[in-house]
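Structure below; questions to follow.
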Amino acid sequence: MQLVVNAVASTVDDSITVADVVHQLAGPDPRGVAVALNGDVVPRARWADTHPSDGDHVEVLTAVQGG
Amino acid sequence: MAELAERPASPAGDTLEIAGEALASRLILGTGGATSHAALEAAVRASGTALVTVALRRLDPAAPSLLEVVERCGVRILPNTAGCYTATEAVKLAHLAREAFGTPWVKLEVIGDEDTLLPDGVELAAAAAQLVEDGFTVLPYTSDDPILAQRLADVGCAAVMPLGAPIGSGMGIRNPHNIALIRDKVRVPVILDAGIGTASDAALAMELGCDGVLLASAVTRAEHPARMAGAMRLAVEAGRLAYTAGRIPRRLHATASSPTGGLPW
Amino acid sequence: MAELAERPASPAGDTLEIAGEALASRLILGTGGATSHAALEAAVRASGTALVTVALRRLDPAAPSLLEVVERCGVRILPNTAGCYTATEAVKLAHLAREAFGTPWVKLEVIGDEDTLLPDGVELAAAAAQLVEDGFTVLPYTSDDPILAQRLADVGCAAVMPLGAPIGSGMGIRNPHNIALIRDKVRVPVILDAGIGTASDAALAMELGCDGVLLASAVTRAEHPARMAGAMRLAVEAGRLAYTAGRIPRRLHATASSPTGGLPW
Amino acid sequence: MQLVVNAVASTVDDSITVADVVHQLAGPDPRGVAVALNGDVVPRARWADTHPSDGDHVEVLTAVQGG
Amino acid sequence: MAELAERPASPAGDTLEIAGEALASRLILGTGGATSHAALEAAVRASGTALVTVALRRLDPAAPSLLEVVERCGVRILPNTAGCYTATEAVKLAHLAREAFGTPWVKLEVIGDEDTLLPDGVELAAAAAQLVEDGFTVLPYTSDDPILAQRLADVGCAAVMPLGAPIGSGMGIRNPHNIALIRDKVRVPVILDAGIGTASDAALAMELGCDGVLLASAVTRAEHPARMAGAMRLAVEAGRLAYTAGRIPRRLHATASSPTGGLPW
Amino acid sequence: MAELAERPASPAGDTLEIAGEALASRLILGTGGATSHAALEAAVRASGTALVTVALRRLDPAAPSLLEVVERCGVRILPNTAGCYTATEAVKLAHLAREAFGTPWVKLEVIGDEDTLLPDGVELAAAAAQLVEDGFTVLPYTSDDPILAQRLADVGCAAVMPLGAPIGSGMGIRNPHNIALIRDKVRVPVILDAGIGTASDAALAMELGCDGVLLASAVTRAEHPARMAGAMRLAVEAGRLAYTAGRIPRRLHATASSPTGGLPW
Amino acid sequence: MQLVVNAVASTVDDSITVADVVHQLAGPDPRGVAVALNGDVVPRARWADTHPSDGDHVEVLTAVQGG
Amino acid sequence: MQLVVNAVASTVDDSITVADVVHQLAGPDPRGVAVALNGDVVPRARWADTHPSDGDHVEVLTAVQGG
């Protein structure tokens, strides 16, 4: 299916979880990371059992320099 | 003014506390504008700060980790909501930040205008009330309007952070009278945020009774960031000490500092 | 301005030198106004100064010795000619001071008016020329007039010490532009003398390019003199460091300190 | 004879020296002291052999707090 | 800044227009603080104003009629909502004023604090939106916050009236930069309201690009109110003329105003 | 301050007198910097001045006559000694001016530095004493040093003309406190000379107690010189009137300008 | 019946109108006057036929000096 | 002979007077003009009978715009 991850469209396996998406972007131990699925926060505890649907937007955010 | 009466009797144990947490420094450092994480780390260490702000943005796998720098320096993290123009955006970003960093502290920014980056008081007040209700420790970046500062304190913000001048302008404190008024009115810590350009600006903020200073560009964009960070560290201490020491009054005329008698003519 | 080009490349070995003598601090403390020698000693120690001014007056056998305090603190002595209204008086008092303390250094004061204690430029220039000829190391207390400062440097003064505001007024630096002009024009050290009220004033003086600050009342007449002395010590260091660090320019408009892109909306 | 020492008139022995005057005011080891005789500086080295005359003004000065 | 581009090309027909109504003077006079109706009338006439504010209060049968003074002077009336702390109160008082005076014009005041009399931006914005919807010509007394001023203009206010300093303080314009920013941002007339102490303050307001000045205490509480009213009349004209004349730039250094050559030496 | 006690009781007959001569305006116009004699004439007329300065230079047969412009405008002439760096030069040029124009009045300028064009107090005082002895009516352009101003008055100058800021800088009055001090100390007219940039600067000078204002570049180099001349004319009148009207005191807090009682809630 | 007019309680005839109340306070030709009955604005056109009830609060307001 | 008039060298008749020099530069009715001969002021009343010598410097000055 199709997901839009951080504004980039990509084709992924239908069984993918939010945890998988984060893993691909941020590696095995993703610290300081937050996820929004279609604009709603997905708590870290829910990453593993949250399954995006086709066309969903996933945002994976982290810390950058900011005043 | 009121704050004179409230000045701590002694520097001993004169520590900044926000939401019951003691901070080892009255200087809060914004991380924006550094040329590299290495330059930032040197500045953070030279500043002696215990709290640094970060922004939350889309993860770039290629980018080095800022979090590691922050943790290596052993300082607390204060996520901001920079870039938000509405209460709705700011509240959502604050929730994401809490998820990402596991801290309820947030520097709440709701901007009204991309040219001036000045806060939008109406949206800011709404966002602050919501986030307090959601259990956040809210430190709002606000204008120097004493009434708005009072409103933010009233809805339960842990501190108020009025600006001295527009972000990154280096104009110092445009209206010291308002900052002193805010210090008089609210019972939470007052952090001068935005506008600081050089050390004397930071010292002045403390002399006006501010409990702390938050600055980024003044250090990160200086020719020598770590050196300016050291200057700011000293300036904040100097200003606080001067505030507690009880300055001499301003007089229009002179007061001799040497005896007028006892000369051979 | 010129002084920017001349800023020391690094704080290392950035020491104040007057007449070839290195001083361990850029803060010079005037001793006038202290409530007691004990209070003065505490302030001198807290200030970290290496040079203190004294006045010369008729000896009172009953009075405790100030010289002992100065020597106990291990600081250099800078006699002043306070109370003189003419070049003749000032030159004579300087010679007496050299006899008394065995130092050719003198803070030259020639006052024009007992209300304002402002210097009389014409008498001051005449006295300075004479004392330089007599082999003194002359540090004149002068107005913030760049032309007079240049004249004093030209006749061979070891430094120039322009005022920020009237002695003891605590008004700070009334005309920063003139102080910066003086720093641009003369090649000897510039010491901001008189007018300092609080720490931010001292920091500003250094940021304007001054090589040092001389103050008395701001410390000795503060509610807590030793504490204010500590504040001034930090402020002078902060201001000097900021000056050498290269501050950000003042801008009328804002400069973002967080990325404007990378948000989920 | 009469001397005016620090603006105070006093009767002194005719043989008095500046050193004696200083000693009386400032004790045996007068440090940080300068003397003017009728307005002219008397170098410390000359105190012992400088003899004021009747009616002379002697000023003995030292350090006091001053800004 | 933007307003330079917008400066009228000539003073001819350079008239203040609010809500399509031309006013014969850029000076709006508040009537509060006068020692008597007679003193007030003299001041109104000397000021040359075309618009005066009044408050609405319980009718006292024993009190002389202010309305008669206003009508005798042939000036327009601008009722205010002074004394209101909430949008609800202010909206109600505005409706009563429209009934009483038959004018839709209102100087909208919603105060946040009785010590400072500073406006409450959140309540003010709400009241302004309601009154515009109710068909009023709304002139809000606001802080010098450019974002709030923009918001007030966006909801349809006929002008914005930022303060220079607290009402009756005579402190002048504490933050000229904000006033200039407001002038840049909004497309409706900007009236500097509150804080003016003397003529140069009023001239400065106009030089910053303000379209008019509203003041009361500076005139009514002066030692000689009518004379100060005349001074303000001239100052507002002077400031407006200077603004349209295109002032010389500020320079740190000098520019000779006499030829440097052509001397016999 | 003293000048408050001396404020004229009424504007009637409140005329500037120098050396016993009444002048119809408190604004003195310098003629330097005008783009043409025509532009200058328009500015002179719009300013309402009664006295204009001119410089003395080698006669150029091809150049149109400035004297004719001055006479056509019916204003008095005040020759200056611009360009002189020593008392000797200035005295000689003053004597030549008296020969040329048949007036003993002279604006005495002795400059210390071609970058800042600031006066050299020592040379200025010497030249002033000589010219007074030679029978001139001396109006010295001086720094804002109150002691030097007093000295110039003491040697018999008919007025003192302290600067607000460097010539042509448009920086306004850098140190208002010194100008007020000068007004307090000397008994001759005080004319604020140099530094004026716009109308509010001129009004402020008068509010500080100055008896007049001398300016050139602010008018002659403005985008629209005649319009700025009109602005200055009004500003000087406004400032003088405000000074005599007795301004309200500055207060840190607010003073209500509407009744606090009498509302229906 | 009882009315509270500008915070002052007074006994009035039951048939009184708002116009009467205004007349008593402000005379025959009350210009620059507005009325609130129990907090609500009463338009001038309605004064004559508006009858307050017992215990009502009538506010009669006019212009005073104000900044 | 040679004169230097306003810094320009020129050959003139030996009998020339200051008045003649001024006339040449400034015309018949030279108003607002002053003259220095070798640096010394020559009063207008003396122009006609003042005879420069060979090599003298004559300065003829007048009003120009100045602040």
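A, B, C, D, E, F, G and H label the chains in the order they appear, each numbered from 1.
Going forward, a residue touches a chain if its C-beta (ideal position, glycine included) is under 8 Å from a C-beta of that chain, and two chains touch if they have at least 3 such contacts.
Remember, it's a predicted structure, so these values are computed and weren't measured experimentally.
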| item | value |
| --- | --- |
| Other chains in touch with both chain D and chain G | none |
| Contact-richer chain pair [E-G vs A-C] | E-G |
| Identified repeat of the F-H interface (over half of residue pairs identical), from B-D, A-B or A-C | A-B |
| Inter-chain centre distance, chain B versus chain H - centres from mean C-alpha coordinates, in Å | 72 |
| Centroid spacing, where centroids are CA-atom means, of chain D and chain H in whole angstrom | 67 |
| Inter-chain centre distance, chain B versus chain F - centres from mean C-alpha coordinates, in Å | 46 |
| Touching two or more other chains - residues of chain D | 36, 39, 59, 61, 64-67 |
| Set of chain B residues in contact with two or more other chains | 30, 32-33, 55, 57-58, 80, 82, 116, 118, 167-168, 171, 177, 216-217, 220, 252, 256-259, 262, 264-265 |
| Chain G - residues contacting chain E, complex | 6-7, 25-26, 31-36, 39, 41, 43-44, 59-67 |
| Residues on chain G engaged by chain F in the complex (per definition of touch) | 36, 39, 59, 61, 64-67 |
| Touching residues (chain side chain B, partner chain C) in the complex | 11, 30, 32-33, 55, 57-58, 60, 80, 82-84, 89, 93, 114-118, 166-171, 197-204, 207, 216-218, 220-225, 227-228, 230-235, 237-239, 241-242, 244-265 |
| Chain G contact footprint on chain F (complex, rising order) | 256-259, 262, 264-265 |
| Chain F to chain C touching residues, read off their complex | 112-113, 116, 118-122, 125, 143, 145-148, 150-151, 165, 171, 174-175, 177-178, 181, 185 |
